[in-house]
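Here's the structure we're looking at; comments come further down.
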Amino acid sequence: MSKEHRAMNPSKPQSIDKNTLIRNMIISAALLAGFGGLGTTLVVGTFELTKDQIEASEEANLLKNLNNILPASIYNNDLLSTHIKVPADSLLGSDKPVNVYQAWMDKTPVAVAFPVIAPDGYNGDIHLLIAIKASGEISGVRVIAHKETPGLGDKIDINKNDWILSFNGKSIANPAQKLWRVKKDGGVFDQFTGATITPRAVVKAVYRALDYYNANRRRLFLDQENLNKYYHAAMRGKDSKE
Amino acid sequence: MFVAQSSPFLKPALSVSKMMLVVTLALIPGIITSTWVFGFGVLVNIVLAIIFALGFEALMLYLRKRPIKVYLNDKSALLTAVLLGLALPPLAPWWLTLVGIFFAIVIAKHLYGGLGYNPFNPAMAAYAILLISFPAEMTTLWPSPSMLAGHESVNFLQTLNFQLFNQLPPSVTLDAISYATPLDVVRTSVINGLASISEIEETGKTFGMLGGLGTEWVNLAFLAGGLFLLKKGVIQWHIPLSLLATLGFFSLLFGSFELDSNPSPLFQLFSGATMLGAFFIATDPVTAATTPKGRIIYGAGIGLLIYIIRTWGGYPDAIAFSVLIMNMCVPMLDYYTQPRVYGHNDRDQQP
Amino acid sequence: MSEYFLLLISTIFVNNFVLVKFLGLCPFMGSSRKLEVAAGMALATTFVLTLSSASSYLANQYILIPLDIEYLRTITFILVIAAVVNFTEMVVHKTSPMLYQVLGMFLPLITTNCAVLGVALLNVQTGYNFFESIIFGFGAAVGFSMVMVLFASIRERLASADVPEIFQGAPIALITAGLMSIAFLGFTGLDKGLH
Amino acid sequence: MSETISDTFGEDNIETQTSLIREYTPIAKDGLWNNNPILVQMLGLCPLLAVSNSVINALGLGLATIAVLILSNMCISLIRNIVRPEIRLPVFVIIIASVVTAIELVMHAYFHELYLILGIFIPLIVTNCSIIARAEAFASRNTFGKAAFDGLMMGLGFTLVLVVLGAMRELIGLGTLFANAHIMFGEGMQWLTITVIPDYHGFLLAILPPGAFMGLAFLLALKNYISLKQKAAKKRQKSPLPETV
Amino acid sequence: MSVSQQLQGIWPFPGGIKLDGKKSLSCQTVINHAELPRELEIPLSQHIGHPAEAVVKVGDSVKKGQLIGHAKGFVSAPVHASSSGIVTAIEERLVPHPSGLPALCVIIDTDGYDHWYDCTALIAKNDAEHNGLNALSAEQITGKVAEAGIVGLGGALYPSAAKLQTARKKDSDTLIINAAECEPYITCDDALMRNRPEEIILGILLIKKVVGAERCLIGIEDNKPEAWQALLDTIQGYQRASHEHDKQSIEIIQVPTRYPAGGEKQLIQVLTGREVPSQGLPMDIGIICHNITTAAAVYQAVYRGEPLVSRIVTITGGAIKKPQNMEVAIGTSIREVLDQAGWHKERVDKIIMGGPMMGFALPSIDVPVTKATNCILVSEPGELPTPPPAMPCIRCARCADSCPMSLLPQQMYWYAKARELEKVQDYNIFDCIECGCCSYSCPSNIPLVQYFRYAKNEIWDDERERNKANLARERHEFRQERLEKAKKAKQEAARLRKEKLAKKKAEDKKNAAAAKDGGSKSDNKPASSHADLIAEAIARSKAKKAQQQALKKNTENLTEAQQKQVNEANERRKKS
Amino acid sequence: MLWGILALIALAAFFGLLLGLAAIVFKVESSPVVEQIDALLPQTQCGQCSFAGCRPYAEAIAAGEAPINLCPPGGEKTVQALADLLDVDVLPLEEDEVLEGPVVAVIIEDTCIGCTLCIQACPVDAIVGAAKQMHTVIESECTGCELCVAPCPVDCIEMIPVKKTISNWRWPEPQYDVNNEQAANIFTTIEKVLAESTHP
């Protein structure tokens, strides 16, 4: 195909005279602009028509993901709009501020959900989403993205294996810290045949998330304004200390 | 009609078939040592692989309407089978061997036209396919070497029973007989920052006298076989030497910077399938570079890639991938490393 | 610095555009029968990919985002790319007829190559900054070129192989691409390991 | 190639039914088999290989591509007489890009999960080489109706191969068919998923990139095999007859 | 004369192979003389270049050494009768050539007297020690060499006089004498050196004088110590005998026995370290190389006035009863030579002319011995077995490792097989000396050399075809132009005619009809109507005469050769 | 939203200006491809390709109007060369019959009546002779196109294969290959020949 294009290359071998040049340019520009405008109008029109639906779908999707680890029955606030940004923390494995979703039942805080990164997967970072009930008990964990070896490390994915459900109901003290490990290292969590690294990394990350939760429990239920105030104060405190 | 037969009329004794046979014979010390170290599974693998390989080879020759007897007699399928059999984990189930041989003989060899035409090393292509398709089986079915303490020995029938019917004697568990190969240990511990070389050394279960515990003897045996091949003139020195030298050089270089996360050159050279790869796999005439300079670059490329992948990559051993990657470069290497032809200046060398 | 290096390694080897990401396959299969053609294509692509990666970044940053019309990304990018390609063609034609001989015939073909639009879209998706965008585009192009040239050299060798009839031509070329892709899987984890 | 096609379907329209059939059957045959965008033209390979790891993904992208092909062919056929050669390509590209973006927005709104899975490959339909090729080779030389029909047929041809390859890879790789049917047909359609081989080990190669290349290679080989058989059959039919000029 | 065994360094050439020489089979000191046959069959082309043209007629009686074919052109050589007798035929006969095709030969029925034609020597032998050599001019010597029909007897068959003249013009400084005889089985050079060292040395001095070389290097493989000793003694003898100012530098150097050390380029490299440039000649680097037998032939021509009418042939091989070297008259049938040497007919497997590495299998044994015949190798089964059919190339590169020219035979093979001729040339196929080392080392038994010969042939053919196509294109375009012009001229003429000669209208009509008729003639018309047609055609051609005049004759710009062909045709026509 | 449309229109207009400029500044010379194709054709000028000679066919190929497999005199070789040049797939030759070796025309001199019809037919002026003179074919110029055969009123032109001699003999392509079923017999032929000539 390509070759024929080349061979058939339309040739316009006129001598370059200024008038035709300008006329040519203008016609081309007008035509192209016309079609550009037409096309864009089509897209813009479609966009206007689908805008709301897109937003709704986005939200529904996010909510569905959250509800997988946070049963809709335990809270009654608008989960999606109730979130705060907390500063990066090494326990969360992230160097960017992290979104924390808060679940409330009426005025009582019920649970929070936030992403965690396990940096020591076999082939790279493992991105997790974890929900922790106010009691410190894990409500659910899911793997959002990972690069583990297919067929070996990818059993952490709920679509491949139920292993990730084994965190449900666990908390920082249950089991004891020494047992927050894979079985091979003397803990309570299974590893997969031939792949210890991955589960080890996930277990560690989940434990760190619990650690983080316990250290920041109160702050995680603040609203953004108060949280910011708190951090400002903390910063200032730090500054003055130095 | 008179048909002109062109000179020369003299022919040497070495034929393709004989070449392959010599290579297979040179593998025998390695096979024996492997069996001694890793158990009868090695033999089972090889025998199964040979049976499957001859079967597929005959089938493909039949489908392609080629003279079956002549080509079966060239013994290249046999050699491919033995090499793949050696590379597979000694406790590999029979179907793993079957799938591997299918890819080696049917896909990587005969779809390209059979002996001589395949750009990729059939055994290594098959090995890589198995490794990415069945990583669990490919990494966990290594029995611990017989010289390790606490080793539960499994006899021939029990091994066979496991490989064919997936049954172990009741008193034995898979975990008890399998072990993480030295390269595996180094890869998972050091690279993930779990332990340093010296810490691993202390456990005494990974490093032997020269290289990885267990694999060092196997590698020595393959080295002996390789030297025999060199002496017989079946392979040339360029590829093995440049491969081993590059691998050794880089492990020495980086090892002197970060001693604790880089195993010694000796370990690199005498672990995994290094010697097998250097003398028997990288030297596969069909898929290797052919000019003297090209062979040196080819070998060095494999050595370097082995080092890179073992040290920073996702796979504990890298013979297969390194060989395949360099296989891709062979036409280019051959093209750009042509020797200076008699009577030509260096400048008009460009072909 | 080392981050850029890693990005480069990652786009060239680990996430090779052709073999892992499946972008730019039509020229990969179509123009690789002969080494010279492949080399020309590779050269032209390297140039265009880098340039379009940079210019689409600029278009995104200075037109789409300020006007809040990010949904017009595809149209804008393709327009920008076509303009860049054509403009390049013009400049090259004027300034260096020699280079034009080499690149000229390939440039228009590249406009409709997934890799070029793909690189622009991926840039935005991953949120690379200007410099990273350029590196990413360049890395993708080098990866593309490398595989393309190696592939062509193997295909030339295959031309005289005794391939079964039904596998001659495209099928065996695809098998080869598959095996190359397997070989490239050997680089898996390099980006993490080097980190 | 393009020339011969346009020659076969000239502009003279005698709207009788037989001539309609005579004109449209070859278009259909071309799209589905003789000049199939993938099997013969080897175009549009990127989406083909990238999203054919399951039937549902394949179907999703296939349908989107059909829609784009029909719409873009129609638009281009309409404007075919206005465009000057030097801006032909950019104009076509703009039109295709607009159509694609519109469809992308619709998918984003109504097939959200599918949209997420197909990801970058939806906007990349713009550069799907087979679309621009149809625009150049057919739509810009033919009437509206024929162009639309050609779009449909080429799209079907593309989708068919896409789905077959998807099925092949899914079956060999995972032992299922129509997994994740819900993302396309809604939650109620989970039952569509068929586990063909229960307790299947899974053959990852098929799902991974190399498997895509090899799968397509085998499809092409199959096509070659069928074509060869057809040719052989034709020859056998022809040979006993005396040569007539 | 300075004599030294190893003054020179040895520059080894790359590749090459060690072969079992098998020389002891035929290696005896004596050279037997073959009996004169009843019939001599002397091919007119026994050299590279234009075939000689017969100067005798059937029925002529000729004497030994009489010219029967004279050289045609610079690169050509005359042919002489190798015994006295009567020319009975000049016809195509089977000759020793790999094609098995016949070529023009002069057949002489010998009378058994073996009378010499009157041959004059330039100088007498014993003159050499005095001033005879100095008295001769180079032109005289080359003239004699040309007259004697000497061609390169090392296998190249290039007319020696032509080579000498070119070398003289190019100021060669080194004469290399090829005494390597690297092919297995062959010992004819060895035998010559042992038996007639003086002839060789005198021949060398002649050649050296012609080309004006300062030094002469004789390269001999180290597996021929007796021959080496014989030459050394002779050289030393001459050195002692000659005057101080007359001292000539001849060195004899033993080179390691490795095939193909006798290849011209390899020998030059080994002896001097220089390389003959690709596509070039040794003369380009100031070297001329001749075979030892050629030198002896020069001696015979100059000192005895004898043209090249016989040569030494090695008869060897497992099926020969008594392997030996024989001096055989050129034109003797190989069957007779074999009968004389004695052979086990029932044990014959192959009959090869030349050695096992570079020779070729004879299509028949009823072919004559020619100037090129250095060896007849009759093998018994198992001695030179036909290899099993070729397997695919496994790219082992053994061929490349053994190639003395550092070529890449397997690449050339791939491309030759795929008929990618340009690629083959990119891999320098024209540097291949067809030595056979690559085929020999190939474990897959691929007939590599034959592929290279085939590819070279195809390239030449293509070249020829391309030239022909270009010519055809030019001629076609020229014709179009001519027709165009003619058409215009005709129209002009017709217009004028119409005006002036209106009465000729009727005839014009007839013309048109005839033209139509001729154009639509179908090819399967019945043969019976030939006579009518001829009559009709004659009428037509008459009618068209006027038209012919306008159609300019196309015989104008013909080359000489073409014109000759036309004239010949006209001659023939007149005769009949 | 309006901004979006406007921005794109502006962009497109700019682009159009650029391309309008390009269309003029660019000159695509008559493609040299034609020359290259023409150089590959055998220049027999026989018209079997259904074009009026080789060059028109070359032009048709370059324009994409004709497939590359229409030239029987060129044979597989030409198709292969064209495919290489144009980077397209090799097509099998249209013609089923294979040409056997090169041929040249000869005029049987006794029969020729000197009608000059063949001279007019020959596209390359390979026939010489004036009216009523005997004509002859210049062997080195004849392309073997057979166009002169039909017009001859007395059927005196014959196409004969070019004679095989030692000087135009070529080494054949080796056939001695395991994949060749007859391979095993090839050289027994030689041995038989020798055996025959040994025991006549």
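The chains carry the letters A, B, C, D, E and F, assigned in the order they are written, with residues numbered from 1 in each.
By definition in this document, a residue touches a chain if its C-beta (ideal position, glycine included) is under 8 Å from a C-beta of that chain, and two chains touch if they have at least 3 such contacts.
Predicted model only: the values in this text are computed from it and were never measured.
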Common contacts of subunit C and subunit D, by label, are A, B, F
Per mean C-alpha coordinates, the chain lying farthest from subunit D is E
Per-chain C-alpha mean nearest global C-alpha mean belongs to chain C
When A-C and D-F are ranked by contacting C-beta pairs, first place goes to A-C
Subunit A and subunit B have mean C-alpha positions lying a whole-number Å distance apart equal to 42
Chain-centre distance (mean CA atoms) for subunit E and subunit F, in whole Å, is 33
CA centroids of subunit B and subunit E: separation to the nearest Å works out as 53
Going by residue number, subunit D touches two or more other chains at 1-3, 43, 84-87, 90, 94, 97-98, 101, 105, 204, 208, 210, 214
Expected list for subunit C, residues touching two or more other chains, is 30-31, 71-72, 75, 79, 82-83, 86, 108, 157, 162, 167, 172, 175, 179, 182, 185, 188-189, 192
Residues in subunit F with touches to at least two other chains are numbered 1, 4, 8, 11-12, 14-16, 19-23, 25-26, 63-64, 87, 171-172, 174, 176, 178-179, 187, 190, 193
Pairwise, the chains that touch are A-B, A-C, A-D, A-F, B-C, B-D, B-E, B-F, C-D, C-E, C-F, D-F, E-F
Note: in the complex, subunit C contacts subunit D through residues 19-26, 28-30, 71-75, 78-79, 82-83, 86, 108, 111-114, 116-118, 121-122, 125, 165-168, 170-175, 177-179, 181-182, 185
The answer for subunit A against subunit C in the complex is residues 1-2, 5-6, 36, 39-40, 43-44, 47, 122-124, 147, 149
Subunit C residues touching subunit A in their complex are 30-31, 71-72, 75, 79, 105, 108-109, 188-189, 191-192
Interface with subunit F, subunit A side, in the complex: residues 3-4, 6-14, 16, 20-21, 24-33, 35-37, 39-41, 44, 47-48
Counting only contacts in the complex, subunit F reaches subunit B at residues 171-172, 174-176, 178-179, 186-187, 189-190, 193
